[in-house]
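What follows is a set of structures to go through.
Two complexes are shown next, each including chain A; its partner changes from chain B in the first to chain C in the second.
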Partner chain A sequence: MVLADVFASVFEQPADSFSDASNQDSVSGWTSLRHVALLVGVENAYGIRFSNAEMASMRSMGDIRSALVRKGVHVS
Partner chain B sequence: MTALTFNSYLFLFAFLPVVIAGFYLLTRVTNKQAPALIWLIAASLFFYAVQGPGYLVILVASVLGNFAILWLLLRQDPNSAGRKWTLALGIVANLALLATYKYTGFLAENINTLLGTQLKPLPLVYPIGLSFYTFIQIGYLIDAHAGQAKRPTFLKYLLFGTFFPYVTAGPLVRSGEVVDPMDTPARERTGGQQLAVGATMFAMGLFKKAVLADSVAPYATSLFQFAGAHENIGVANAWIGMLAYTLQLYFDFSGYTDMALGIGLMLGFKLPVNFDTPLRATSIIDFWRRWHITMTRWFTDYIYTPIAANFMRRSVRKSWSTALRVLAVLCLPAIVTFLLVGLWHGSGWGFVIWGGIQGAAMAVNLIWREVKLRMPSILGWLLMMLVFVSSLTFFRAPTVDTALVVLRSMWFLGPAGNTPGQFFGTAKVFGAVTVVPSLLWVFGLMLIAVFFRNTQQMLGNGFGGISEKAAIWQPSMRWAVGTALVAATALVFAGGASPFLYYRF
Partner chain C sequence: MNGALPPRLPLASGAARPPAPVLTRRHTTLPAEGTEAIRALAAGHGLTLPVVYLAALVRCLADWSQQPSFTLELANHGRLEVEVAAGWSFAGLAKDLQARLASTPTMPLTVEAGELLVHRVASPGAAGDSQITWETADLALATGVAQDMADAHLMLLHQLASGAQVWTGPAPSPLPPRQALLRTRVNATEEPQPTVLLHEPFWRQASVTPDAVAVIDGERRLTYQQIKKGATGLAHKLIGHGAGPSKLVAITMHKGWEQVVAALGILGAGAAYVPIAPDLPEERFLHLLSHAQATILVTQPDLASQLPRTPGVWRVVVDDSLLQTVATLGPPWWQEFSDLAYVIYTSGSTGLPKGVMIDHRGAVNTITDINHRFGVGPGDRVLALSALGFDLSVYDIFGLLGVGGAIVIPPPPAQRAPWEWLDLMEQHRVSVWNTVPALMEMLTTYVEGRRLRFNDSLRLVLMSGDWIPVTLPDRIRTLAAQDITLIGMGGATEASIWSNYYRIGQVDPVWPSIPYGLPLSNQTFDVLDADLRPRPTWVPGELHIGGAGVAMGYWRDEAKTRASFITVDGKRLYKTGDMGRYLPDGNLEFLGRQDFQVKIHGFRVELGEIEAALLSHDSVTGAVVTAVDAGNSSKRLVAYVTPAGLAESSLREHLTAKLPSYMVPDRVVAMEAFPLTPNGKVDRTVLPG
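And then the complex of A and B:
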């Protein structure tokens, strides 16, 4: 499962426009509501659950990737 | 109240120059990082100690306690239950400290009203900045728990928790914004350009506070004095007074923030931006992206996101109807978040009502945005102003009753009042200028707040000055003379007993 695909579907932009540096400031349309949709989308895509503290502290694609890696998920 | 605030002569002519000179000396005579770091910590502790008796004990207890919890937390396995419980303990301990000093009086008052008891509030004085350094440190704990903040050394954490540019009124920094830069030697983060840009930013902030904010303050004070005495106000006076208060709050707090960021820059830290011309916002969502940005960010990260995500998960799992989904995922998290934002500002029903109005307006705005409705920018701006300025009555008034007197007058529900000339007759701008030019002054300040480039835009959004294309600042004679004039004017008006409005929160 490619993480950028989840981003692409939430933000309606091509997957290759995202990198680990993508965050709320650099991606247009990354509103607080979309942010929530993104996190829940990632959870569903990988079949995992983030804790409240994890959700509060993830602000970029890199943050989300490292949180997934810590959960033992293989992310490409 | 306090003698050592950013706009006091003691701070401007003694404390700040000595701290900066000592810091530059220490970073230039030795390659070791510890002496300069200890210097800044000592300066910060001194700065806080003189804010009030006993305050330092609370700050030091809070910072040492948080460091101990952080140390304990990071020793434990990332997915262990022990780590989760340590985080919970940390959050509860922080909130308990805050609640003891900030909310017991309010709680006692409400219990007394409800049950007819005679509870007395604890005889405690609220230490300036407690709300700020408590929330900054809770943020660190949560980020560290989630693996998004690294383990600091004791000295670095001590500076993070006590740093004088933000300890009294923010910005609400994230761990990485203060701790990470310290990986780079201080000498590389400081120099002529940081001093020049930082000092310019500081001068602009002081001007906003001492000249702009303090000049319209008497209008707001007059309005609320008359309202408190239940005198007739009238629509025009209510709006003039409330616009004056809105401008006072904006220039006071954004001025304070410019000064904080300017000091930070001179000492090698780029603290996060707090204001982005908020009074130009064209919706309430837009407004909260531009006003007190680091606070909105804190509440979005740590309160709104978890609540909204939990509801969103549930709505998917249980296939809720659209109406229920709109209510639970869009409206409720925004309303709950802003009620807490209100309570964070102070313990009183006025703050709760003010927060509730923001939350309700956000909910309406969110729905509006989701169904992709549009309105002309000018209408959006007008609506934002009407809602925000009206809501500030509850934020400013000492009691809900007084707020309602002003609000009724604003919305044509109060008795007619005198002409503005008679009404504001005693509230003269700069203590001298008469009323008619004063009304123009409020209008003029509004134009500045809406149309002028903001400080960051002048100095570069990353406030790097000449290295940034967006910046109009140049190390030129024109800028030097301009900044000197701004600073000189500000210094003439500074130094009086005018504490920053956000010192209360």
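And then the complex of A and C:
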């Protein structure tokens, strides 16, 4: 599963428009609501659950990738 | 002038318009004596009978048209452009029409309004009467419009026949009797008004159930008795420093139990509270404090040292020591039912916020209604997500604590995190939800995504302050453990939290919005035109709220108070600036703003206030702010400034120093010049996205 594909489906933008630097300021339409949809979308895509503390700490694609790696998930 | 188009009459929604509208025919008759009376009165104004009948039709079409200017086709005369100006008498309108016509029309008069309507008048007929024929595309028009227009038109003719006053005075109400009756019935909301002060029910409750939990804040649980002691201790301190009726005491606090003690203590001292958020830019913070003329500021221990210097303002801290108070307080109380209870500052279009003054009567009226209507009682708990400066918090605090319920206050990290909300709701058995729809949608998205359900104690969901996405109610129901009650509410801070409600049942996905519903107890809604006459069913007009909730005015702002709080037929009304219309069943439909006010995260934002802040930057020569759709029914702000070359970072820094963070646009675009419309206004529709 490619992380950028989850982003693409939540933000309705091409997957190649996202990078690890993509964050709430740089991605248009990254609202509070889409942030929630993104986090639960990532959870479901990788079959994992983030803790509340992890949820609160993720602000960018890089943050999400690191959190997944810490959970032992292979992310491409 | 929008003269190229026929009148914009209310159309049937969703119905496929037949390619060639089928016209239905209706006849009405004005008897001979009425016809003769009109002829005589018309002559006195130098008007001919055909022009008078034409004017009666134009008046009627203008009353049902969204726009007061439109085009008609007049048989033997061709196209006629009309504009019904606000304030015109009937004679004034008729004279204007007579002047626009190249030659005097003759009988029979035949007028077409687009392809929806043909109107004919033959007068005098064989019996000296006036025979009026309407041919209308009933299927294309909203239900009842054709009949109502014909009825209203005949009613106007009878009124014109009845006396000179109707010709020269303000235009009479266009509502046909059936509609007038329904409007009266919908607004017959009188109920006995509880004559208590806003904080009184809490005090009573504290005597009845002193050991019941009132506030849950993180790990802390505070009982009614403890909160009462805290409020009593604070009130005595405040009284000692001169607090009393009609004086404002500022509350500058982060979310926490201390806010509850502060609000109750300030009212207990006879004064009124004004929330001034601690995270405001210093300039705005100091401006609000000084505008409020607050000489006392109530805060929290950890904040006291972080706030800007405020010479002449006495600071008092709410901490645990107050919970040990042994002194007692009231009743009797110092203030009257009609005294000020709180002031909430909202965005103002001319650059500075305005302070809405709500008296005890207004706030108590709304809160009591909601508690009765939805059976809120001692078993209920609310998750208090709204900031103190947002009036939903007034219900959270005084609504729940007035009936023995409890408030669950989310700790700061939980305030924008639905995963924390759900945990808190489960842990503390929250039963009442009260927020803007956006927060409920965040929670719903989270619960759906996690394949969870709402906590089984959740039974009442109140959503207000913004559009409710039409798909949201069904999504909520699917996740609810019980048959929960979903309520949409509306109103304005200027009319005591809420003024209308709608019990949301099955939602038809083709609905453009969730209906606004009906007025709450002791409150009324009028949909009025520019002449403050009622707009007929289906026709958009400005929403005006009347009744017990209407604010006292804007704090220290006579001019804005006069502009927004008006008296019509002896009733004091608040001009909301919101557009809406009555539906045939008496429910209201909300149609959005008629100006440049938008909602960002549920906060009211006047785009003009942001533009004024940008223009206060030395290098900015022009500023336009727009709210663009950010998807998921939310909006984000984009600012445009001239001249080109200004650094976005410097402009954002400038705004951050002046405005609350939700008012700082996501983007600031510097450009050489703004695109203009043909008539020289900034064309907001073609600004770069």
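Assume the second predicted complex is superposed on the first by the 76 of 76 C-alpha atoms of A that agree within 3 Å, B and C clash if a C-alpha of one lies under 4 Å from a C-alpha of the other, contacts with A are read in each partner's own complex, and residues count from 1 in each chain.
Rule of thumb we're sticking to: a residue touches a chain if its C-beta (ideal position, glycine included) is under 8 Å from a C-beta of that chain, and two chains touch if they have at least 3 such contacts.
Being a predicted model, the structure only gives us computed values, none of them experimental.
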Quiz item: Of the two partner chains, chain B (first) and chain C (second), which one does A:Arg70 touch, if any: first, second, both, or neither?
Solution: first
Exercise. Could you say whether A:Ala37 touches chain B, chain C, both of them, or neither, answering first, second, both or neither?
Key: both
Practice problem: Quick one: classify A:Glu12 as touching chain B (first), chain C (second), both or neither. | Solution: second
Quiz item: In the superposed arrangement, which partner chain does A:Ala45 touch: chain B (first), chain C (second), both, or neither?
Solution: neither
Quiz item: Does the superposition put A:Met58 against chain B (first), chain C (second), both, or neither?
Solution: first
Practice problem: Answer with first, second, both or neither: which of chain B and chain C does A:Gly29 touch in the superposed model? | Solution: second
Quiz item: Of all the chain A residues, which ones make contact with chain B and with chain C?
Solution: 32-33, 36-37, 39-40, 43-44, 52, 55-56
Exercise. Report the residues of chain A in contact with chain C in the complex, numbered from low to high.
Key: 12, 25, 28-29, 31-34, 36-37, 39-41, 43-44, 49, 52, 55-56
Quiz item: Considering the complex alone, what residue numbers of chain B touch chain A?
Solution: 78-79, 84, 87, 142-143, 145-149, 300-302, 304-306, 308-310, 312-313, 316, 329-330, 366, 370
Practice problem: Please give the residue numbers of chain C that touch chain A in the complex, ascending. | Solution: 413, 416-420, 423, 438, 441-442, 445-446, 448-450, 601, 630-632, 634, 636, 666
Self-check item: Of chain A, residues touching chain B in the complex
Solution: 32-33, 35-37, 39-40, 43-44, 50-59, 63, 66-67, 70
